[in-house]
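Shared between the two complexes below is chain A, which pairs with chain B and chain C, respectively.
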Partner chain A sequence: MKEEQKMSKPILATTSLAGCFGCHMSILDIDERILQLIELVEFNKSPINDIKTFTKAVDIGIIEGGCCNSENVEILKYFRKNCKILISIGECAIMGGLPALRNGIPIEECIHEAYIGGPTVQLNKNHILPNDDELPMLLDRVYPCHEIVKIDYFLPGCPPQADLIWNALVALITGDPMKLPYEVIKFD
Partner chain B sequence: MSNLVKFKIDGTECMAEKGSYIVDAALENGIYIPTLCNMPGVKPKGACRVCSVRINGRLMTSCTTPVSDGMEIESNSADILDLRKAIIELMFVSGNHFCPSCEKSGNCELQALGYRYKMMVPRFLYDFPVRKVDASSPKIIKDQNRCIQCKRCIKTIKDEQGRSLFAFHKRGHDLEVILDQDLGKKITEELADLAMKNCPVGSIIKKEKGFEQAIGRRMYDHQPIGIEDK
Partner chain C sequence: MENTITNIIEKYNNDPLRLMDILIDIQENFGFIGNDAVKEIALALNMSEVDVEQTITFYHFLSTEPRGKYAIYLNNSVVSIMYGQKTIKATFEKEVGISFGQVTADGSIGLFDTACIGMNDQEPAAIINNHVFTKLTPYRVREIVKSMRQGKDMDELINESYGDGKNHLPSLKSMVSSNIRRKGMVLSDNYVYGSVTKLMLPNLSPEAVIQEIKTSHIRGRGGAGFPTGLKWEFCRRAKGDNHFVICNADEGEPGTFKDRVILTEKPELVFEGMVLAGYAIGSDEGILYLRYEYRYMKEYLEDVISTMLKNNLLGSNIAGIDGFNFDIRIQFGAGAYVCGEESALLESLEGKRGEPRDKPPFPVEKGYLNQPTIINNVETFATAVRIVENGGEWFTQFGTEDSTGTKILSISGDCLFPGVYEVNWGFNVNDMLDMVGAYDVQAVQVGGPSGTLIGPDEFHRTLGYSDLSTGGSMIIFGMQRNLLQDVVLNFMEFFIDESCGSCSTCRNMPHVLKNKLEKIINGKGVKGDLADLKEWSKVLNASRCGLGQTAANPIISSLKNFRHLYENLLQRDKEFDQGFDLITSVQRSCKYVKRVPKFHPIE
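Here is the complex of A and B:
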């Protein structure tokens, strides 16, 4: 390991965009190694600690989920600006994932199905569509994160296996080559 | 003995029967060259290009090229491995491959090659094409989102009269492999099973059979596709 490649207690941030929080669950799935993790890194903005805004420059940003609305894009750009390294974790961040099943369906049709025509829509008698200014705008389709900003590393899986996330973090922090046994790379 | 030819793959001395195709000859000598459209017992067609190797400076599909005496084949050099990986990546971006919701996941040859070649993300942009799903047959679903147009179904799924149940439809960018609407309605249980099995990806799915095996028990969960490199 080269000394200059080793980070001094790196700062880590995470976010979930158009994802299901499964990738974050997989981060927690490193089990007791979570104790090692808090020795190895300092957490900044993340849903895990509920820090809402960056309070310092971050070394590693972990992105779960792709971009399906304007808020996702804004947060992703906010992460890119504040993190030295960005990692897309999970199928949604990498290729849109299940939310991207709507790509190819016109947005009007999606909204109509969700709020007016869908078989489970029963209470919306006045056919109101979400129209509050506070609500983020849906994008025309779901975008993989690397189509919006530069992403440095990708960890596939739905969710990525805890070992894959752990191996990647350890490699980044220590500067050692990443362990990639066959069984940790999966697309489901 | 006169039937045997000597050749080299990446410098390794190999021997095989004269006229056998490079992929098969390689396998006999313990060397794996990946394939997707190729199937044992079916005339090879060199459609998917995943089995590309270099002979005399030229890229050739090893499923359609017979070995000859003294042939020197380059297979596992860095640029050829990367070319194969690029072909696999192209297949992922040119269809809609949502592995987490695919019935074939874990048993899919395309996905397994993605694993074998450690595809973390395709280098190409996702196309998100608009494709149809044909569920008109009582026994199978033909999902165009996942079809890699390998023709394995066209070549192997035939009724008692020898008629193919699957066929090419349209041309160029719109080309599809479709299920014959009439024959699809009459497909037997056995043929439906075989169609799902012979499709390397999840484009032919048996109805009411999805997600039969638990994660961890599927073909490529623990074991890579192909044989170990020597």
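Here is the complex of A and C:
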């Protein structure tokens, strides 16, 4: 960990982009340590407390999921702008994950399959393709976060184990070396 | 159709080891290898259909889809592009009315890219139905396409004179030129074919032959430089039911074409070298593994072999030596650079995908059919004859202490006289450039894409195993060339195309490196990218074979010797830029759903 000195009650923000919220579930899997966590950090923008916008400068931003649409990109850049440190957590943020399975298929085909051609499409008789300005725009492919903004740390896993997230956060906040026992980074 | 497939399979005695021959024959007869053919082959050879398919799909010139009555393979290697390949390609596309990678609707003409076809001294060149067309121009392309539209046969398509040397022979009738510009002991005309076999071999023991080779200190001419005498000795000592002599004529390294010239002008010398090797290691079977790009030599080389058989230079009791029998057959590849790697070559010889084997065991112990096998380059065998003729001691007077003898160079690119030059090892690059008429030289690629790119600062260096090692490919780039865009990027694409896909390092990392290189070329690079290129290249060392291990060499050596070219392209004001652009990346989906992209400012 390059952040050597101890932080004074750091501020934490989290978001889920093109992910399944599984990584956030894994954050909650730290169980009773969540009480310790709120002693250690102050939460800002996060689905956990439902704060929608940054209200102050943030120290640590945790990103779950990669970027599949324009909104993901805008939020990611918003995080980069407002957080000192960004951490990609989980397969989707780091490699694109399951959503990136569409990367081998042209985006036009994906949209067609979803709204017109797919076997489960029953009601869209007029073959409407969603194009309202309020909707996020789909990217040509799914991107991992570090292909869009600079990411400082990566916590792998699908999802990363609660202990891995906990150990990493504590190490980052206290400046102590990170504990990486085999159990928290084995994936089989 | 079925009958013919049956005939082809029977011609090779339903032998799974001859799968390559069967597939090549079917491809040539039908233009593709369809499902029915796969089923029939699998049944006849007692293999699974998947095994047949995986061999087909591995090789560039084999296809499960029709490739057209006239299949045009245009070389896309760097020198071809320097000599106008892009114009030729565009002319083909315009005249035929399809893009590369496609076949016309009537199935008559197919257009395909292909890697270096060994014609670097006469580019741009293409292979059309096993005939090589060199020095293409837009006018010639229009003529060729017109003739194809009229359904003319291949001989009528050719209206050029035949090339120099033996290319005019009825069994070759090729417009390829040999362009021999400097002769040494291998290319010289003062050797009487068969004289070593007939006059000397009966009085020499196999051990004595090996001793001469060892004394000469000759090292393998393919590029890796393993001492040939040791290889032969190890193989002779290795126990096995049979021993094999393989000649590696799969010269796929872009820029190399000297084996093509040796095999055109001096095939007898190469085959005689194989006979010597057979005698030395105790083998009675030799195989010439010839790249498919040189298929046009098939009839010619088979003629040479049958003449040698008639003259008792091959066959039974050769030169009257009781019990010394040796035969040579030609095995064709089907378009795969990696098959020049000796263990991949062995796999291909056995009818399989050309994926390198784990080593050890080395081929001298377990090679073809798991028997002791030597695999040597065309030039090594040819040189071996002159060594035995004149003695190993004589050979050491040529070249340098650690690199004895001569080396045949394939020189191409920006010079007045591209062609084949046989020089003594120890030649320096400055002399070489003066020899071939190359002025205002920006860089020289020594040893092909897997070798090194050097600039004028290093032109004093000498060719040899301890300094600039080369299998023979020398490509010269003049000042007008954009090294990163035209050369390094082209080489990276070559390695991506040619990876066998076995190791994940070589399957993936060249893509990653190429993307980064493109990003830098497109002006999106930042300083950190150069460090990434250098560090990430190291991952490739974990690959199983030389192809993977050297796949980053174009980047590593250009980064080392031409760092300023990279640095000039970097963005000075940015620390981070991955080249991602939101506006570009939403264009396609917005167009498809018919909406105007709108973006929100980031607060």
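We take it that the second predicted complex is superposed on the first by the 181 of 188 C-alpha atoms of A that agree within 3 Å, B and C clash if a C-alpha of one lies under 4 Å from a C-alpha of the other, contacts with A are read in each partner's own complex, and residues count from 1 in each chain.
Note that a residue touches a chain if its C-beta (ideal position, glycine included) is under 8 Å from a C-beta of that chain, and two chains touch if they have at least 3 such contacts.
None of the values given here were measured: they were computed from a predicted structure.
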> For the three-chain model obtained by superposing on chain A, do chain B and chain C clash or fit?
Replying inline: clash
>> Quick one: is A:55 in contact with chain B, with chain C, with both, or with neither? Answer first, second, both or neither.
In response: neither
>> By the touch definition at the top of the document, which applies to A:94: first (chain B), second (chain C), both, or neither?
In response: first
> Between chain B (first) and chain C (second), which does A:36 come into contact with in this model arrangement: first, second, both, or neither?
Replying inline: neither
>> Under the stated touch criterion, which partner chain does A:155 make contact with: chain B (first), chain C (second), both, or neither?
In response: first
>> For A:77, using the defined touch cut-off, is the partner it touches chain B, chain C, both, or neither? Pick first, second, both or neither.
In response: second
> Which holds for A:182: it touches chain B only (first), chain C only (second), both, or neither?
Replying inline: first
> If you stack the two complexes on chain A, which partner ends up touching A:147: first (chain B), second (chain C), both, or neither?
Replying inline: both
> Given the touch rule stated above, what does A:103 touch, chain B (first), chain C (second), both, or neither?
Replying inline: first
>> Applying the stated clash rule to the superposed structures, which of 27-35, 99-107, 171-179 or 207-215 from chain B runs into chain C?
In response: 171-179
> Following superposition on chain A, which residues of chain A contact chain B and also contact chain C?
Replying inline: 141, 146-147
> In their shared complex, at which residues does chain A touch chain C?
Replying inline: 70, 73-74, 77-78, 81, 106-108, 111, 129-133, 137-141, 143, 146-150
> Which residues of chain A touch chain B in their complex?
Replying inline: 88, 91, 94-98, 100-101, 103-104, 141, 144, 146-147, 153-156, 158, 180, 182-183, 185-188
>> List the residues on chain B that touch chain A in their complex, please.
In response: 92, 96-102, 105-106, 111, 114-115, 118-122, 125-126, 128-131, 215, 221-222, 224
>> So in the complex, the part of chain C that touches chain A is made up of which residues?
In response: 575-576, 578, 580, 582, 584-590, 592-595, 597-600, 602-603
